[in-house]
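Next up: some structures, all given as structure tokens.
Presented sequentially are two complexes of chain A, the first with chain B as partner and the second with chain C.
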Partner chain A sequence: MSVKGSTALVRLAGNPDCEILGAMVLQEGSEKRFFERVVGEPYDREFGERQSSKRRGAQFERNAYAGDGRLLREAFAPMLGRDADALTVRNLIDDYPGSKDDARVARLRITRGILRDSVAGRAVPDIIIQPQLLLPTRPGPKPYFFIAPDLLVWSPLAGTYLPGDLKSFIVRENEVAASDLARVRLQLGAQLLALRHEYDQIDQSIVVPPSGMLLFSKPNGLAPHAPRVEDIGGAIEAVRIGIAAFLRHRQKVNDLRAGAEPYTVVADLEPHFEDACLSSCVMAKWCRQRVAEHVADMGDVAGNVLGDMTMQRLLDLMSGSAAPSDDHEAIIAEQLRALADQHDEEQAA
Partner chain B sequence: MDESIDIDRLRSEEAELQRKLDELRATRIALEQKVKPQSRDKARPLRDLVLDLVQDAGAPLNSLLLASVIRPLQGRTIPATRFGTLSNDEAKSFDSSRARPVYLCHCLTHDQGQAVKRFWARSDWPLPERVMGPMTGRILFLQGAAWTINLARLVEAGELVADNPEVLKYVAADQARDAGLSVKRGEFPYEAWLATIADAIDRHIGEDRALRETAAVVLASRLDDRERLFGTRKGLVSLPGSTPSWRSAIE
Partner chain C sequence: MNAFDDTLHRALARARRRALPVRTSSSLSPDPDVTIGIATIKIVTEEQIQAVAFGTLDRAPTVIVRLDPIGRDVSDLLPFARFLNATVQRSIVADAPMRVWLPHDVTLEALDVLGHRYWRNQTASAEIVRMGELCRVIAHEATIPGQQLVADATAQLQGHVVTGMAPIEEGHLHAILAWFDPAVADPLFEARERIRLPASGILPNTPDHPHDDRVDRLRKEAKSASGAYRQRLEAQIDAILRNWVQHEWDLMVAGRRAFLDLGLPSAGLDGLVKDSTKRVAYALTNGFFPARQPDHLAAQLSVMEAGQEKADHAALESDPLLRAQAMRAGAVVAGTVSAVRQPRPKFYPCDIDVDSSQSVVRLRLDDKVSIVGTNVTGVVRGLDTTPTGGTRVSLEITGGVRTQSVLSVGAGVELVRSAFAFVNLRALGVVREQQSWIFYGDTAPTIAARPSTGQSALAIATAARRP
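Moving on to the complex of A and B:
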């Protein structure tokens, strides 16, 4: 996974206590390169999204944008109460193609122009494809995150644009698995915060509602379902917590590194290993080694219930060779002994 | 008095030369289209190829469409980044002391005069042909689709030679599908597709044309020669952290 743009913020929102993640976001270069520099050997495990998923996603987007966004216009027309043929579309990738920073800056300038026009009441496109936004995190290194929603869609109800994202997951009846939805909601949360920032620069009285639009793929072919309007109030708060965590981690990394590169101070940072890290972070194995002999190594539930305790302490509490130091440990010891007795009885039977 | 006669005479000569140039170009394109592409087009600079294709289409073309048509038509694969280089080269060429009779250039947004880099046009076209209003993206897509479908039709009719006619048919079918037309496997009703697309163009072209012409007058008075081809370079963006006193969104 990437450690740039909204993906970085989504990951920070998912694990705000991980200082290693903060250093990764600060470090120039790829996540794999970060691993190589910290561990001193190449990252040789599976990494990244499946090629077939990438191809499917790219094709879904290509289809949606083709023909002056015909499928998008048809998908959004009922929601906007307009005829699909009358909706106007502007694809900013046509204006300035590319993924390098100069192209992003050019698209940011155009996006800001359109937002200003919309506030001034001038004619603006109903759908903006590949707009560019920005979330400032100044002052300090990495003073901003580029945030690029797939779409901005004019909402007559809100009187503002709302962010929209295309997802090529196969969805039946437009119902999405909770785990998939949680992640894309966080993405929308980051996009909405960036959009609010841009509107705020134009007019601080503008209220952008906590809503975002998701467009999933139908199971047959690559046509979009009807857009889902998501309430993303919770996701926005989660991303805010992620940003606050990044600012904290950045401060700590800066204090430690004294001008050196962020990866050089990783040994002095606190990881926060979680089950989800194993499927999303190149540093997961390394972080897991850091919690070896601790209950966190047994998974999120064990960590949450037992707290920051070593395995040896746990065994001592269970065997009775150590006395509980507080009520919490007393309950744990009691429960563990009960479990051990039950286990012994089952073994004997 | 003599000077005004000279100017009139020069204008008249210029118009006559332009007419002859147009005739000559049309004859050359017609002849070239009858020649097997491998023998002539594979070695030609991309710039010349694009100039001719855009002239043939009679409307600005999107670089994605150009790349997808050039492959079956001329048997050349154009990487996406090549168009970026072409744009920079053309602007540099304009800035150099050696003037060219015609430049490849971009469409311009109707309000700001900014380049729409994926849409390619010729510098010898009138400015309204290159201005993009709110509906122009749709019109240009439809015109490009019609051009592609017509190329496939000409190839099938034996009036044009393509490096890979089968692929060109499917590129044409993709354009028809993107335009929302019914596309069935193995069927290529070119005439019906072209008629439907012509109807779709007619729905918007009147209003679009009027807006482009009005905008072109304003842009022509506001932009210099270079900006009229490659767009305005105004509008710097201030990024956070770029200066100690950064305030954001100052343009």
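Moving on to the complex of A and C:
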């Protein structure tokens, strides 16, 4: 998974206590390269998005944007209470294609212009494709995050634009997998914060409601399903926490590195290993070594239940070679011995 | 199992270097005569099946490899469609239950997507459409707790054993199996090595096994190739997919074997088997109709809730280990009959008191309960504290009044709340007829205020309670 743009903020929101993640966000280059420089050996696991996923995602977007966003207009028309042919679309990729910073800055200028026009009551497109926003984190290195929603959709109800994202996940009976939804909600949260920042620059009295729109795929082909409007109040708060964590981690990394590259100070940073890291972070195996001898190696729940206890201590309590130091340990020892006896009996039987 | 018990089991499993059973009974009935297995390899995100292995579990599977899984032509799936149709037909003709083993829930998801794609596809052949419908029936039944149609090998092992890994790692079937293999000296190390390659119905794509990218590239090349060269490319795709779908199949078979070798009795599941068989038989015969109207959705949720209640009850009834855990949480009450008030032996009315040393119990007034291991049922009519700080539960006996062995002072009993497994279809029918606003509307109707009776809500509720 990437550590750039809104994905970085999504990951920080998911594990705000991880200083290693903070260093990864600050480091130039890929996450895999970060691992290789820290650990000193090649990364031997799967990394990055698969070709098939990239292809499907790109095709889904191409289909949606084709013909002046015909499929998009058809999908949003019932929600906006307008005729699809009456909806106007502007695709900023037509103006400035590419993902280089120059193109992003150019798209940001256009996006800001459209937002200003909308506040002034001038004619604006109903749907903006590939707008560009940013979230400032200045002063300091990495003084901003480029945030690029797939869409901004004019909401007559809110009187503002709302962010929207296209995902080629398949909708079945109006539902998508909960695990798919959790991440994209956080993405919308980061996009909405960036949008609020832009509106705030124009007029501080404008209120952008905590909503975002998601457009998933129908099971057949690559046509958009009816959009979902998501309440993203919780996601916005989580991303705020993620940004605050980034500012903290950046301060610490900067204090330690004295001009050197962020990866050089990793040994002095505090990881915060969680079960979820195993499926989302290249550094998971490395961070896990810090809890290898502790009960937290058996998962988040074990860490919460037994705290910072070592595996050896647990085994000593079970065998009776260590005396419990408090009531909690006494209960653990008693229960473990009872369990052991019970399983020994079952096996003997 | 609560978090504390789960953690201690994990610690013990790690110390013993083997998987430990956490149940003494099975949640799955024995495999019926009509039992099949299905394993798939899909394209990530596309959710298109690119290889499928299927068949009965006592022989090598039939394998279909799809060279162009994204194409509109699905005639390559016909052998699978015919097999599925024939299996279902066998079950319908024999009026017998059916079982589908899968390696994990990703396969179920792949079948569900397959179902969504073809069950109403007007351009597909009738056999493919029927396959789509059957896939939807299978996937829908799997959502109902206590169902007995789908056996997910990973979920079965997760539900009945604990290993020394983190729970998230137990989603990997190959990793769990390391804890069952006596030849594996260090299952923790071995399991974590195995996790490097996926066991989730997709091709691996690691630096040393870049099969997904390779198949993707081969397909691209094959599209523009012809003749013998194209055949060579297709043979390479075939070999990779065949190998990995066979791997998925083998994991499923090994998972099933590990589960069966636990030797857990499957008592008390007759009701669940009956319910599941009835639901599936109806859908197979009459077709699949997803719930989309509010009243249908409410009925479906009720069916799920009833399934959960029945499954939980069956597990508690037949599994002393689960009962012991439930006792610590107060959900099961163990005690001794301290009083029996029955004017005529073996006849109603009959009330009993059960004294338990448990100070925390989850039973509440009017709860329906049963006495474990008997046909005696009752309703909780009183809850008091005993002089020793335990709990006295007073019951009105409503069933099994002739079972004198437990309806006697001094008899040891375990009380468990009965499953509330009632789907009120009649009420939901009325809802549909009247288009009740609470189901179909957005706003509540305005109700004119009436003068207060002066009674508190609590007093009204108390008056309504049966004396």
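Throughout what follows, the second predicted complex is superposed on the first by the 315 of 349 C-alpha atoms of A that agree within 3 Å, B and C clash if a C-alpha of one lies under 4 Å from a C-alpha of the other, contacts with A are read in each partner's own complex, and residues count from 1 in each chain.
Methods note: contacts are C-beta pairs under 8 Å (C-beta built on N, C-alpha and C of every residue); 3 or more make two chains touch, one makes a residue touch a chain.
Bear in mind the structure is a predicted one, so any value in this text is a computation, not a measurement.
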{"item": "Superposition on chain A - do chain B and chain C clash or fit", "value": "fit"}
{"item": "Which superposed partner A:Lys4 touches (first chain B, second chain C, both, neither)", "value": "neither"}
{"item": "Partner chain in contact with A:Lys252 - chain B first, chain C second, else both or neither", "value": "neither"}
{"item": "Partner chain in contact with A:Met311 - chain B first, chain C second, else both or neither", "value": "second"}
{"item": "Touched partner set for A:Phe169, first chain B, second chain C, both or neither", "value": "second"}
{"item": "Partner chain in contact with A:Gly57 - chain B first, chain C second, else both or neither", "value": "second"}
{"item": "Which superposed partner A:Lys32 touches (first chain B, second chain C, both, neither)", "value": "neither"}
{"item": "Touching partner for A:Tyr96 - first (chain B), second (chain C), both, neither", "value": "first"}
{"item": "Which of chain B and chain C A:Arg45 touches, first, second, both or neither", "value": "second"}
{"item": "Nearest Cα pair across chain B and chain C, whole Å", "value": "10"}
{"item": "Common interface positions of chain A, toward chain B and toward chain C", "value": "none"}
{"item": "Residue ranges of chain C touching chain A (in the complex, touch as defined)", "value": "3-12, 14-16, 20-21, 43-47, 109, 112-113, 116-117, 121, 164-169, 196, 198, 204-208, 212-213, 216, 290, 292"}
{"item": "Chain A residues touching chain C - in the complex, by the definition given at the top", "value": "42-46, 50-53, 56-57, 168-170, 172-173, 177, 219-220, 275-276, 278-279, 295, 297-302, 304-306, 311, 314-315, 318, 332, 335-336, 339-340, 343, 346"}
{"item": "Residues of chain B defined as touching chain A within the complex", "value": "62-63, 80, 83-84, 109, 111-112, 114-119, 134-135, 137-138, 141, 145, 178-180, 203, 235-237, 239-241, 244, 246, 248-249, 251"}
{"item": "List of chain A residues in touch with chain B within their complex", "value": "66-68, 70, 85, 88-91, 93-98, 105, 108-110, 112-113, 117, 123, 125, 134, 136-140, 143-144, 197-198, 201-202"}
